[in-house]
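Each structure below appears as C-alpha cells.
In the two complexes below, chain A is the common chain; its partner is chain B in one and chain C in the other.
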Partner chain A sequence: MPLNLLGKCRVNGVQKRRVHSVSSRNAAFERLQCGGNRLSRTLCTLPSITCELSLQLLLRFFMQGRLRCEIMALVSPSMVASSAPQPTTESAVSGEPVITVDNLHTVFHTQDGDVHAVNGVTFSLRPGELLGVVGESGSGKSVTMMSLLRLLPMPPAEITSGEVHFGGQDLLKLGTNALRDLRGGDVGFIFQDPMTSLNPVFTVGFQLTEPLRIHMGLSKADAMERAVELLELVGIPSARERLKDFPHQFSGGMRQRVMIAIALACDPKLLIADEPTTALDVTVQAQIIELVKELRERLGMAIIWITHDLGVVAGIADRVAVMYGGQIVEYAEVKHLYDDPKHPYTKALLQTLPSHEFAHGDTREERLVSIPGQAPNLKGPLKACPFAPRCEYVHQRCLDENPPMFDVRDGQQSRCWLEDQT
Partner chain B sequence: MSAAAETLVRVDDLKMHFPIYAGLLRRQVGAVKAVDGVSFDIYRGETLGLVGESGCGKSTTGRAVLRLYDPTDGSVEFEGGDIAALSEGDMRRMRPRMQMIFQDPQASLNPRMTVGSIISEPLIEHRDMTVQERRERVKELLNAVGLNPDYINRYPHEFSGGQRQRIGIARALALDPDFIVCDEPIAALDVSIQAQVVNLLEDLQQERGLTYLFISHDLSMVRHIADRVAVMYLGKIMELAPRDALFATPRHPYTQALLSAVPVADPDIEANRQRIILTGDVPSPSKPPEGCVFCTRCPLAKKLNDEKCFTTAPQWREIEPGQFVACHFAEMTNDPAVLAEGTPDTV
Partner chain C sequence: MLNYTIRRLLIAIPTLLFISFVIFFIVKLSPSDPTANLPLTIPPEVREKIRESLGVNQPLVVQFYLWLKQLMISEPLYWSNQWFGTNFEVGQRIISYQTRSPVMDIVIQRMPQTLIVVGTSYIVGILIALPIGIISAYRQYSWFDNAGTLVSMIGFSVPPFFSGVLAIVIFSVLLGWLPSIYDTTHTVTDWDSFVVQFKQMIMPVMVLALQTTAQISRFLRASMLDNLNQDYVRTARAKGLKEQTVVLVHVLRNSLIPVITVIALGVPAIFGGAIITEQVFKVNGLGQLLIISIQAGDVPTVQTLTFMFAVLIVLFNLIADVLYGIMDPRIRYD
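Up next, the complex of A and B:
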C-alpha cells in the first residue's frame, strides 16, 4: 500500500506544480494526519515536496507516526516563497505544447448509420496561447473538445482513432480515474449555457468548492476561503455572501462568471471555453472577454475558445482554427486569417458578415454575400471535400478526393486542393 | 426609403406592464414594466430596427404593436386608426394586414402539420378560397421564398433551419400584409444562412413594398437592413435615429457602449479600439431605477455625478433632425473635452 501511494505521488507530483494559499497548505497537513487514501492527493498540493527523495522521507515518517513535526520542517517558509510566484514567468507564448491533438476521429453510431462528426483534427497549443475555434453549428467544434476529455456519452459516440497528448499522457488511453483527476483539475471547461450547466439545487458555494475539495483535498473551510478568492477574481461583488446563493439568484453574466470561477478553481493549465458568451448580451459579452483576457495574462494558461462569432475571435485569439464538416479547414495566426484567408470557406464566411465600417457609406444598396446551400450531412466517411457543393472554386478533384492540409506559409494551413503546389 | 414619409404605424406612449401577484390572497404587489412609455413612428416601406439586450422589452413591444398583448396604456395607430381600442372582431379583420415572423423556426411551426397546411392556415381563416386555389397560392408563396413548390407535403423536420425560417416567412406573406414584425428572425440561424434570409427579406420588401419592424440584438445586421434604428433599454427607447446617424454619431451613452461592445471581425481594429465596458447588470424591470433608467450603469452619469440623472427621467427630445435621444446630457456625450478627462470605464 505505501509503495503504491509513492508511485502515484511521483507521477502526480511532477505534474502539479502550483502553490495555493497558505490555508490550503494547512489543509494538507490536516489530510495527512488523517492519512489513508487521501495521502496521494494531499502531497500533490504541496509544491515544495516534488522530488522523490522528500516523498520517500515523508512516507517513512508517516509510517513511523512521526509525520507531524517532520512535515513542518519540510515545508519551510523559504521553500514556499521560492515556489509561489511560478505561473507568471511562463506566461509568454512559448515552450512545449500543453496539449497536442493528432488526427482525432469521432463517430456517432446512430440508427440511421454512422455520423462522422470529427474527421481528423490536428492541432497543438503552447502555454499561454489562445486558440479560437470557429465554425457553424454541426461543424464538429464542440464534439472535438468533448472528445479530448472523453466527455461524450459512449456509446453512441466512439473515438475511432487519434492521439491527445497532455502532460505526457495520451488522454484517449487514460483510465477513468486518472481522467477524472484531470477534468476540472488541470483542464477547466466552461460550457455554453450557464443556466443549464450549474446545478439549480446546490448553492454556488457548494459547486465552487466541490472541485477544490476533490482535486486539491482542501477542507471545507479552506475551500470556502479559496472560493471567496475565486469569486472576487472573476469580479463578483460581496463574494462571501453570494456563496450561499443559488444559481437562479444570479443574472446570466454573473452565472457565466461563476462558471469561469469553477473552471479556474484548480488553476488549470488548459481552459476549454465552449461558446462561453453566446448566451449573453453584447455588453456582458464584452465584460467576459475583458475578464478572460486579464485572467490569461495573470494566470498564464492556454485557452481554447470555441465560438461561431468571427468578431469575438478577432479580438481575443492568437491563432484560429476554422472548422467545417468535422475538419479544420484553415489554421492560421489571427492576423493572417483575416487579412488573407486562403480556404474558400473562410473567405466566404468573412464576406457574409455585414460591413463593419461604422463611419460612413450606404451598405443598404449592397446585398449580403451568402453561401448557397447548407451544411454537409456527415453520415458516412468523407470521400470528397465537404465544402465542395457550396464552393465557387469547385473542380473535379474536389469531388473525387478529400484534400489534406497544405502549408500555405509560415503557420498558415489550408485544406484545399487549390493550395496544392505539386 | 420612400421620400414621402407616410406614417403607417404610430406608437404613442405604449406601456405593457405584467402584474406580479404574491402572498396568500394573490394580491398584486407590483408589475414588471416590460415596456414603459415607448413612442415611435414607422413609415410606409421602411424598416425600423429595434435593438437592445435581452429583457429590455423589444419583443414585448413588437407583440404589443400587433396587439398580441393588450397594452396597459398608450395607443397604436395603424393607418390612423387606433388598434389598441378595436373590438376583437374588428381586430380580427385587421390581422391580415399585419403579420409576424418569429425567432425560432423550430418552435413556431407545428411539427404535425405539413408545410402546405401551415402556410394555408391563414388563408383558410381569412380568405374565401377553394382547396385548389389555396394549393396554388401556397406553391406561389413557396416559390417566392425560394423553396421548391414540390415540398408542399413535407413536414417541418425535413427542412434545415434556414429553410424553416423561409416557411415562416411564407406564412407571414400569405395574406399580403402591409406590415410585418420580424422578431429576431435570424438569431437562431448560422452565419452563412443568416445572409440568405436577410437577402430574402430585403428582396420581398422591394417587390411587395412591405414595412418591417425588425427586432434584433445583432447590431451589425440591423445596420445592414434598417433605415432607422431605435435602441431600447429597460422598457424605454433611449435613442432613435436614422441608421447612418446612429452608427456614426451615437448620442446616448448606452448606444455608445452598445456599439463599442460589438466585436468586429478585424484583428487590427480589435487591437486598437477603445471599449466602453459597462459595469454591473441590467436592473430588474419590476423595480427600475428612479430618474434615468440607465443611471445605474451610465459612465457619463458617474462622471458628471449630476443629481438630475438619478432623480428625473430625461425628456424624449429631438437633438438633430430625425435623431431623438432620452438623455439629459446628450449634447455632451460626443464632446471630446468630457470624454478626455480620464474616463474610468474605458478599457
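Up next, the complex of A and C:
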C-alpha cells in the first residue's frame, strides 16, 4: 500500500506542501532516515503525515534522534483526516444545522467594570460536523461555548444579546428546566482537566448513571447496563468491574474517556469539548483524538472542539473558527485556513508553530516565534479591531472601527479591513 | 483500615500512660491539702492522721503507682463485677477526698446531666450550623451570609459566662419565661413535666449551641466555598443535574469530609462538660464536678476526670481519622 508522507514547510514565509510517496512502511522508514533535515523539518512545520505511520515508528525516530521535532509531531499520526484530500467529510456533513449561534454577546460584570468577553459570535454547525475553535487564552473560546447552555455563573456573567437556535428553540430564552434537560441530554460536555472534572467521592458508575437516570428515566439496573456499554464504547477494559471504582483509581486518559462516556450517555446531537486534550500527555492526547473521531463517525453528532493547539485542529476539524478578542476573526474550512489564511492573526498564529532546524552539526537552534504584544483588554465594548495593536498590516481604519466579517471565498470569512473589496 | 485502627489503639497505650503521668505530677505540683476544707475544730494531729490514711505523705512515685493501680486494675474489676456479674477480688477504688465515696460512682451520677444538656446542645448546634453553612456558601455575600457571619462572630467572641447571664437576665428576670436554674432532680413522667424539662433546657442548650453553630457553620461554609468552585461542580451542572442535587449531593458530600472530622474531635468536649455554662445554670454535671474538685483540692477526682478526658480525646482522634478514611475514598491507611 503506497503511503503518502505529507508535510508542509515554510520557504521564505510561504507555505509549501510536499508529498513524499513511499511504497511501504519500511520505505517510509528509509525515506525518513535519509530524508534527514528536510523531511524532519517538513514534519515539524505542520505535523500531518497522511499514512498509517504508527506512533511507535515516529517515537522510534524520535528516540534515535533522527526526528528532531518536538512533541507536536508525535500527535501527528492521528491527524490523518483533513490535510489530505478527503472528500468524505463534506458529503458526510449535511442537512439542517444542529445549532445556529447568531451575534452572541456575553459580558462579565466585575467590580472594575464590564468585561466584554464575547462580542458578536456567529456560527452554525451541521450534523456530524466538527468545528475547531482556536485562539489564545482569554480570546473567549470557552466563554462562548459555556454561554450556549448558560453554564456560566450568572452573575457575574450576563448574556446581553444574541440567539442560539438548537432543536427549534432559542436556548437563550429557554426556561431553566428545559435548559437543564438539554444539558447532558442533547448536548454533551467534555472539559479540560479530567483529574478534577470528576467528583472524587463518588464511583464512576454513579457519576455515569446520573444523566441516564434523569434524562432517559432509566432504572438503576438499566442505567448500569447502559453505563457498561458506554465504558466499552470509549474503550475502557473490564467495564463492569470498573464502574465500582473511584475516579482516582483511573489514569488521566482513562478519566477523560469516562468524561466522554458521560458526555455521550444520552446520545447527544452536539458535543462541546473544551480543550479535552490539553491536560493530557501526547500519546494519550492522540488516543483521545482518535477516539472522538471514531465516535463521531459511529454516532454522527456535531462537535465543537475548543483548543489552542493548531496541530490538533488540523487533524480533526472540518471547519475552524479562529477567535480573538471575543469574536471570530476567521472562519474557514480547515484546508483553506492552513493553505491560505486570510486574517493577519491567523497568519501570525500559523507562524508560531514550532519549527526546528539543524544548524551546526549536532547543535540545534530553536526559534520559537511569538506574536508580539498582549491579548486585548476587553473592558468596554470594542471600538476598533482588537488585534490592531499587534497587527503588522495595521492602518488607520483598523483603529477607527471594528471590521465586520468579509466573505473571502465560499465558506471562508475574515474579519479584517484588508478583505474589504468595496 | 482494621490494621490501622489496631495499630493506633496500641500506640494509644503508651500515650495514655505518659498523659496519666503528666497529669498526676502537674496536679501534685499544686500545694493543696485534702484536710483544708475540714472544720477548724479538728485538731492538727487528727488532720495528720487523716493525711496519713489518705496516703498523701508517701513518696510521689508510690502515690502515682497506687493511683494507677486503682485506675487500671481496681476500677475495671469493680465495673466488671457490677455489669457482668463476675466475682473478682476488688482492691481499693479511687476515693474522692471530698465525699469519701468512689470517684467513678460520682462520675456515673453526674454523666447523664452533662450528656443531656451539653450533648443536646452539640446536636442542636450542628443541626443549625448545616443549613447556615450551606446557604451562606451558596449565596456568598448575600444578606443571609452576612447575617450568618455576624451570628458566628458573636458565637466566637461572646463567652458563655456573658451570653448565659445575659440570657438569664432577659428570659428569666425581665420576661420570666424560663427558669434560671437547671433542676437536675426533675424527672420527666408526663407531658407537663416534659414541658418543664424542655423549658429549663432551652437556655443552657442555646447558649452552648451558639458556640458550636458558630464554629461548624464557618467551617462548613469555607469547605463549601472551596468545593463550589471545583471543576466537578461544572461537570455536574453540565450533566443537567438539578441545582439542588449539585449542591446537596455533589458539593455537600465533599464539603462534609473536613467538617465531620471537626465534629468528631468536638465530641470529647461534651463529656468534659461545659464547665462555665454548667456553673451559670447550676447544672451539676461533670464540668461543675471538676470545678468544685479543683477548688476543694480533691486530687483523685481531678486526676481521674482529666485522665478520662484524655482517653476520650485520644479515642475520638482515632475515630476522626477513621471517619476521614471512610468519607474520602482517596485516603488509604495501609
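We adopt the following convention: the second predicted complex is superposed on the first by the 317 of 422 C-alpha atoms of A that agree within 3 Å, B and C clash if a C-alpha of one lies under 4 Å from a C-alpha of the other, contacts with A are read in each partner's own complex, and residues count from 1 in each chain.
Definition applied: a contact is a pair of C-beta atoms (placed from the backbone, for glycine too) under 8 Å apart; a residue touches a chain by one contact, two chains touch by 3 or more.
Note that the coordinates shown come from a computational prediction; the quantities given were computed from them, not determined experimentally.
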Touched partner set for A:290, first chain B, second chain C, both or neither: first
First, second, both or neither for A:248, with chain B first and chain C second: second
Which of chain B and chain C A:185 touches, first, second, both or neither: second
Touched partner set for A:158, first chain B, second chain C, both or neither: neither
Larger contact residue set on chain A - chain B or chain C: B
Which superposed partner A:114 touches (first chain B, second chain C, both, neither): neither
First, second, both or neither for A:262, with chain B first and chain C second: second
First, second, both or neither for A:375, with chain B first and chain C second: first
Which of chain B and chain C A:352 touches, first, second, both or neither: first
Touch list for chain A against partner chain B, complex: 136-137, 251-254, 281-287, 289-290, 308-316, 334-335, 338, 348-350, 352-356, 358-360, 362-364, 367-372, 374-375
Chain B - residues contacting chain A, complex: 53-54, 160, 162-163, 190-196, 198-199, 202, 217, 219-221, 223-225, 227, 243-244, 247-248, 257-271, 275, 277-279, 281-282, 347
Touch list for chain A against partner chain C, complex: 149, 151, 180-185, 188-189, 191-193, 196-202, 210-211, 214-215, 246, 248, 259, 262
Complex contact set, residues of chain C against chain A: 230-232, 234-242, 250, 253-254, 257, 327-330
